[in-house]
Amino acid sequence: MSVRAVAELDRRTLIRQSARTSHGRRKILGAIGAALCGLALCIALVPLISIVIFTISKGIGAWSVDFFTHLPTPAGIPGGGIVNALVGSLIIDGLAAVMALPIGFIVALFLAEQGGRFASTVRFVVDVAAGLPAITIGLFAYAIVVLPEGHFSALSASVALAVLMLPIAIRAGETAIRTVPQDLWEAGIALGIGRARVARSIVMTSALPGLVTASLLAISRAIGEAAPLLFTAIGSQVFATSLGQPMASLSLVVYFDGIQPYPDIQRTAWGTALTLLVIVMLLNISSRLLARRMRRFTR
Amino acid sequence: MSGMPMKTVISMDSRAMASAEAEPRPAPAVTVRDLGVRFGSKLALSGVNMDFPTGRITALIGPSGCGKTTLLRSLNRLHETTPGAKVLGSVHLGDLDIYSPEINPTEIRARIGMVFQRPNPFPTLSIYDNVVSGLRLNGIRKKSILNEAAESSLRSAALWDSVSHKLKTSAMRLSGGEQQRLCIARALAVEPDVLLMDEPTSALDPIATSRIELLLRTLVQQVTIIIVTHNMQQAARVSDYCAFLMVEEDRVGHLVEEGLTLQIFSKPADPRTEEYVTGRIG
Amino acid sequence: MSVGYVTGGRDGRRPSRHVRLGDGAYRRVLQGFGLFVLAIFVAVGATLFIQAWPAFRHSGAGFISGTNWDPSHAIYGAVPFLAGTLLTSAIGLVLAVPIGIGAAIFLAEYAPRQISGALGMLVELLAAVPSVVYGLWGFIVLGPIFQDTIEPRIQGLPFAHGNPLPVGVLLAGVILAIMVLPTITAVTRDLANAVPATSREAVFGLGGTRWQMIRTAVLPAIRTGVVGAVVLGLGRALGETMAVTFVIGNTNAIPNSLIAPGQTMASLIANEFTEATEPFHASALLGIAVLLLIVAVIVNVFARLLVWSVSREVRETV
């Protein structure tokens, strides 16, 4: 047998031996690793579940018909509610959606259709803008709406939330439009439809479920925000529907009432928090279900 | 894929056939008895009985879905990494029952190596680290051993000359054929008795393919090779023994016939084998 | 079929994914909207900077290096809030990254498929919980727990001296960690699930154990993507306002201990802006907002470049 063959035989035995003897150690290391990961999962879930449980248990006590139909009352006086905040959130977020979604989806169409450096630049800036702190956007709205007008207003809050919603609407919208198969685009053109715009209507219609999903996500994000509202809508104790006035919102109520030392006011905060949580979860779950149904449909 | 007429698949004469048949069949490296594999409730392979001769290349051939890859993967207990898969029957490596509860799957896999369909070097590792990764996984740390094993297995894979000067560079810089030879070197570095190959050239261009086919004839002096291939010509070129598997509407994957490659391709015993190797089916 | 094609589909001029539009004006309108949106985001930065300029000019370089924030004497130094922001975010990440990655690996590699899917979805839904809810819970539930249980235990340690309070830097850091966890876990789990079976089988084929497979085939493959997710999480933590404002303690000083109260850039603005009547006060707060914006943009640009390089790596190896 050649020297090389003898060396290889020794190596072979060495390898087999090492495989056998290291096996026990490797198994133990693996068990420890798995245990640590499992522990991490438990640690991660505990606070998250606690938040949900506390919000439900402390918030449900505040819920009543009065809660959803009455205006807030001062500390100590029962029967208060958050109807102004409910309506306020609806108005502010509704207006923000009306401002942000159409613009966002048109830009999404732009990004999905056109390549090139300009589109890539826009996409990059939008992605970075998605991470801008909400409070800075609130200050921006303060500077361009509140200062010139001289008063706080729901309109300025809507502007802030619209800027916040834009990146989500654009990116989620672009994803939705990109899932439309290429054939549909080409079919529209091949039909000799003169206006490219009309051809787009074929594409946008078929991307509709995805666009709805994108809208739900954007709205769900906006509804929960309080920081941009601090210096724009600033909250209110009365029922307001005019855009030029300060207005209450669910998120602001959680903050303002939450830091107060009175138990009944804090209970209102929990009740509002639960309301917010339910709304946000409903929006998110619906968008998920819609996305799942859409995927099955396009298969 | 249309087949060539039977007599041009193997060009041989009756004297070559006679001498091949006269050679005694080597002792089996791997013995399979009544092997079947079930995924959940679905049976994919059943009743396979065969020996894989030591120091020879055995090819597993058959149409898609016939269970040849399933059979291959049951030889190194790879099905155990798939939830819901159950292996029936027995597989022996020499005298060793590889499915015995006293044996760790990891030990078996260090003795029965595998090369996969698509080259799969570890993308974040260098060429050197890829080759010795098997040794490290099995607890070998000593530099001298790693270096020796790396050079030896890269030479065996006919890759040493092209990469010896760039061992520390990323494995992903290599071409597809070179990556696959790297994977072969990686599998060889742990000195297995048997090398399983699952369609190793199907993702490669013809030149890379033929280089690996040539390599196999050299490698078989070191290890027993069992190769799955859907390319009949490759099986005819490369293998000493052949096993033909088949799946039918009313019958799950099973072994139809096995024997010398020369015989399977020129005088198959079963009409279904004859139909497959002449290209009428599959 | 080629009759009626308005675009150059057959002449090879058409780029692969994008359909060339016949209507040039339409194209320009779309580009206009793109430009408009670009302008909005640039305007955010520019407007804040303009509004902050008086304070910058007043304080000079001292704005960034000053450690004193005293509106009544028109002294504005941002260091306490830079410190507060960095400290709380650092605590948040130090806690969230190992826990998040560990949890994700468990979900992707050990948990049975059903559980992994259900828990994964639960974690993703929790990422949508509004910050005010986190803040409320942190203030009312976690704060007292910290005060009564945790802080007395760690009081002896060198960096945790002081009286236990229901507010503080550590508490804020923990809340941030809880907020960032779902994102890190969700992204890491998705990345791990995307590692192809053939990489995993390569390790098994060589005789590796399951844990060795995770360390050799999964973790290195997801490294860059996870770093991108972590940096994105950092970006979120840096700008987080409401949850931190509830529990940070509204104290404009560099925190000298983990259980001391402090102030972040965001919480400072939230706490003081509506009462900012002193000269340059409002402007200085806007200056803080500019600093916050710059930090957030840098971090996010870094994160996006990382994500962009991951997708390029994937494309090159396919």
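The letters A, B and C name the chains in turn, as written, and every chain counts its residues from 1.
Simple rule for what comes next: contacts are C-beta pairs under 8 Å (C-beta built on N, C-alpha and C of every residue); 3 or more make two chains touch, one makes a residue touch a chain.
Please read all numbers here as calculations on a predicted model, not as lab measurements.
The minimal number of chain-to-chain contact steps leading from subunit B to subunit C is 1. With respect to subunit A, maximal separation of chain centres occurs for B (centres as means of Cα atoms).
The interface holding more C-beta pairs in contact, when A-C is weighed against A-B, is A-C. Centre-to-centre spacing of subunit B and subunit C amounts to 49 Å, using the average Cα coordinate of each chain. Each chain gets a centre from the mean of its Cα atoms; for subunit A and subunit C, those two points are 14 Å apart. As a whole-number value, the distance joining the C-alpha centres of subunit A and subunit B reads 51 Å. Counting partners per residue, subunit B has 106-107, 110, 138, 190 as the residues that reach two or more other chains. In subunit C, the residues that touch at least two other chains are 207, 209, 212.
Counting only residues that touch two or more partner chains, subunit A has 19, 23, 26.
Touching subunit C in their complex are the following residues of subunit B: 76, 78, 81, 83, 106-110, 113-114, 116-118, 120-125, 133-134, 137-138, 172, 183, 186-187, 190. Against subunit A, in their complex, subunit B makes its touches with residues 104, 106-107, 110-111, 135, 138-140, 145, 148-149, 152, 190-191.
Contacts from subunit A toward subunit B in the complex involve residues 4, 7-8, 11-12, 14-16, 18-23, 25-26. Every residue of subunit C that touches subunit B in the complex is listed here, in rising order: 112-113, 196, 198-209, 212, 216-217, 220-221, 223, 316-317. On the side of subunit C, the complex with subunit A involves touching residues 1, 4-7, 9, 15, 17-19, 21-23, 26-27, 30-31, 33-34, 36-38, 40-41, 43-44, 47-48, 51, 98-103, 105-107, 109-111, 119, 121-123, 125-126, 128-137, 139-142, 178, 181-182, 185, 207, 209-212, 214, 232, 235-236, 238-242, 245-246, 266, 269-270, 273-274, 286, 289, 292-293, 296-297, 299-301, 303-304.
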